[in-house]
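By letter and in written order, the chains are A, B, C and D; residue numbering begins at 1 in each of them.
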Amino acid sequence: MDKTVDSLATAVARVEDGMVVMIGGFGGAGAPIELIHALIDRFVATGSPGKLTVVNNNAGNGRIGIAAMIDAGMVAKMVCSFPRSSDPRAFTERYQAGEIALELVPQGTLAERIRAGGAGIPAFYTPSSYGTDLAVGKPVAEFDGRMYVQERWLKADVALIKAELADRQGNLTYRKAARNFSPLMAAAAGFTVVQATRVVEPGSIDAEQVITPGLFVDAIVEVANPQQEEALIRAGVAYP
Amino acid sequence: MDKTVDSLATAVARVEDGMVVMIGGFGGAGAPIELIHALIDRFVATGSPGKLTVVNNNAGNGRIGIAAMIDAGMVAKMVCSFPRSSDPRAFTERYQAGEIALELVPQGTLAERIRAGGAGIPAFYTPSSYGTDLAVGKPVAEFDGRMYVQERWLKADVALIKAELADRQGNLTYRKAARNFSPLMAAAAGFTVVQATRVVEPGSIDAEQVITPGLFVDAIVEVANPQQEEALIRAGVAYP
Amino acid sequence: MSTRLSNAQIAWRAAQDIEDGAYVNLGIGFPEMVARFQPPGRQAIFHTENGILNFGEAPPEGEEDWDLINAGKRAVTLRPGAAFFHHADSFAMVRGGHLDVAILGTYEVAENGDLANWSTGPKGVPAVGGAMDLVHGAKRVAVITDHVTKDGRPKLVQRCSLPLTGVGCVTRVYTSLAVIDIENQRFVLREKLPQLSLDELQAMTGAELVVPDSIGALIAPEI
Amino acid sequence: MSTRLSNAQIAWRAAQDIEDGAYVNLGIGFPEMVARFQPPGRQAIFHTENGILNFGEAPPEGEEDWDLINAGKRAVTLRPGAAFFHHADSFAMVRGGHLDVAILGTYEVAENGDLANWSTGPKGVPAVGGAMDLVHGAKRVAVITDHVTKDGRPKLVQRCSLPLTGVGCVTRVYTSLAVIDIENQRFVLREKLPQLSLDELQAMTGAELVVPDSIGALIAPEI
């Protein structure tokens, strides 16, 4: 079994119009810039995939990555906790023009909903957001004298994530805080695409140190020197 | 900060009559035999702690560990998925005599209830056990056309677990499949006691390789050459 | 030619349907035997509830590591690409539908897909383990079983009489006499032993068999 | 002596209540300053929502590793005993009550413990981040804030007028003028600037202050 593919274009080929796409990363840590830009390339060339719902903690920064997807007009809706960044103009402009929808989710609830999607838990209760505007319309229940909000799982058609090491079976490690949402998204998506800084043979990653087991991974492309979102933004880079 | 204590007796001193005690391990892998036997020593000497509710996947095996706790008369109730083993007589005798209660929980639901206890999720829905005798009396709900059972979190007063490495702040690693329930129990207990095969200085465990972060751990005792439950059972050992 | 398949032959037949690279959970006991019969050139990846993916066969006697066991508490080994994880992550794999196939033993299986494999009733000490999770876990939940009980009663029934493990969860049954799919709450015959007539098979089955125009011959090698 | 504490002095005062070995989450921005003022001999362990426990101060400029950042997306370093984990595990620590203290900034805090610190109303792009989880996460949820807004209105109020972050969650408020506990849905004064009269303090507070027989002097060093 070998889940590697030989190009970024092949890796992202499963993304189609109207899909829900989870994209790993928190700030610049873990953002799969090359996968995102491959998706933009296809959209620029073919007009597809568009009308996407993108799930990420943020809503893009600067003129690259998710912000560049929004600028390109590929994104119909963002599901995120914090649609602000050092340079949030891509989302802000579209949002204020009514051209992009926003589902705002508390960060811990977002993480848990994605985790639930991967774990086959259709709904759970959390104290977060109880009594606030973000709980309006959601079922509430009392447990042991305290009130909680019912939240639903969150799944995706495709996840795009960035790993440090990947073996050919899809076992992954991450680099430092680049882990963040990626292991959860890998489990919550029907098809999980990984850009790995290095692809190794099965057995090269100690079984104790695997963070995402291979059964959550469907396609792997090696990107040996990945770009760092934060560095690109600080350099003022725009994509394409 | 140094969470190490100098004796097994000190390590288990927090366990009191009537408490809920989670005990790590699945089969012989991860069973904290020395911690359990230290608890039995105290019970034999003082008559306490008794009337315990013990949470473990099984209900003891042979004449050591949890089976020895049951034989000693310390256990009022078992919460487990599989109260059978190669030598289940300790539990079976007490159960058939009506001297010990049993809460039987599907294994995945047991794991998820403990995880929920640690994660502040008071209730969640699972497809497991829907339509079976084990769902009787539990709320059910339909999500996306499928039926699910509502399950509650499971917490403990104290958890007793076995780790491979522990640093003095409580960061832990486990050995192979000895991991099983232990990271979940460490999070779900008010006070988590660890027997570690080796105690090391903070910084000795790579931050990427920590399985249980130290904030879940309260007391650590080094047991340099821990006994293996399966080996003891095969040797026919009885405790005390 | 025997009038029924041996357990090894039933396991062999079930193994033929497992694709290369499939993620598979085999129930404790008889189903574990399926791992022995993977067709040449195919390699499934085996999951065990207690937190290992990609474990291999038992080590030689005397070389067991009792921290490296499967859900049946038997010593196993690791294959390249193995991973350890905790119990909640393990059952997230199960419940989340990430396994391709789960193969379980059974007491009874009903034409509506209900499975009863955890309890023979109120006597004794009840024990469920991971069975109630596994039946909802895999994309395909298959059962391997003798076609009838030791005293000759059908194990494939209209409705289960024993306590259920799961509702409407089984999609295929491999028995000592036949391969049967469960579709639209009916038993649909796919293969049967060639020497067995349809009437004979129906007589040993506790619910009506739907027989399509074309059915296959269930032929297993001598093992 | 100034008539109010500086932000650094408020942060200093909040830091005095953090015990050695406490697990602490500091909100983005002003609350991050609390980490600078740990009393000698005490070492708190800092948690950040994006999956690090026991991170340390920022690296020198030019030595940032942008895979090693805190929830405010600022570069940090690791201290011995650090650990990485994914976002669900990180918020399990928060929601599960495993943090000893969370210290947050605020727009308003009410005498019933309600907190409003995420939205100034329907204008602009709403953003909540981890605030709604953190307010339910720690054993002790404290707020640091100026006592009044820039245009002189009380930030400590009877009921919040802005969208809530959490209901009844705050237990202590450190302001530029006082230290106030929230008990039984009342503001209970614990310390105030010595040069400030009770009447002056009450006049700048939007709900009644309960004044116990003994209150302390809020004195912070020049920083």
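In the analysis below, a contact is a pair of C-beta atoms (placed from the backbone, for glycine too) under 8 Å apart; a residue touches a chain by one contact, two chains touch by 3 or more.
Treat the numbers as computed from the prediction; the structure is a model and nothing was measured.
Novice: Treat touching chains as neighbours: how many steps, at the fewest, connect subunit A to subunit B?
Specialist: Minimum step count, subunit A to subunit B: 1.
Novice: Distance from the CA centroid of subunit B to that of subunit D, rounded to the nearest Å?
Specialist: 36
Novice: Distance from the CA centroid of subunit B to that of subunit C, rounded to the nearest Å?
Specialist: Measuring from centre to centre gives 30 Å for this pair.
Novice: Spell out, as numbers or ranges, the residues of subunit C touching 2 or more other chains.
Specialist: 52, 84-85, 88, 91, 94-95, 136-137 - these are the residues of subunit C that touch more than one other chain.
Novice: Enumerate the residues of subunit A that touch no fewer than two other chains.
Specialist: 112, 115, 119-121, 126-127, 174, 176, 207-208
Novice: By the document's touch rule, what are all the touching chain pairs in this structure?
Specialist: Result of the pairwise touch check is A-B, A-C, A-D, B-C, B-D.
Novice: Spell out the part of subunit B that touches subunit A in their complex, as residue ranges.
Specialist: My answer: residues 112, 116, 119-127, 141, 143-144, 146, 148, 152, 173-174, 176, 207-209.
Novice: Which of the residues in subunit A come into contact with subunit D in the complex?
Specialist: Touching subunit D: residues 26-30, 57, 81-86, 88, 91-92, 95-96, 102, 104-112, 114-115, 126-134, 174-184, 211, 228-231 of subunit A.
Novice: Residue numbers of subunit A touching subunit C in their complex, please.
Specialist: So the residues of subunit A touching subunit C come out as 1, 115, 117-121, 167-169, 171, 187, 201-203, 207-208, 210, 213-216.
Novice: Per the contact definition, I'd like the list of subunit C residues that touch subunit A in the complex.
Specialist: Per the stated touch rule, the residues are 20-21, 23, 43, 45, 47, 52-54, 78-85, 88-89, 91-99, 136-137.
Novice: Quick check: in the complex, which residue numbers of subunit C touch subunit B?
Specialist: 48-52, 65-69, 73, 84-88, 90-91, 94-95, 114, 119, 125-133, 136-137, 163-167
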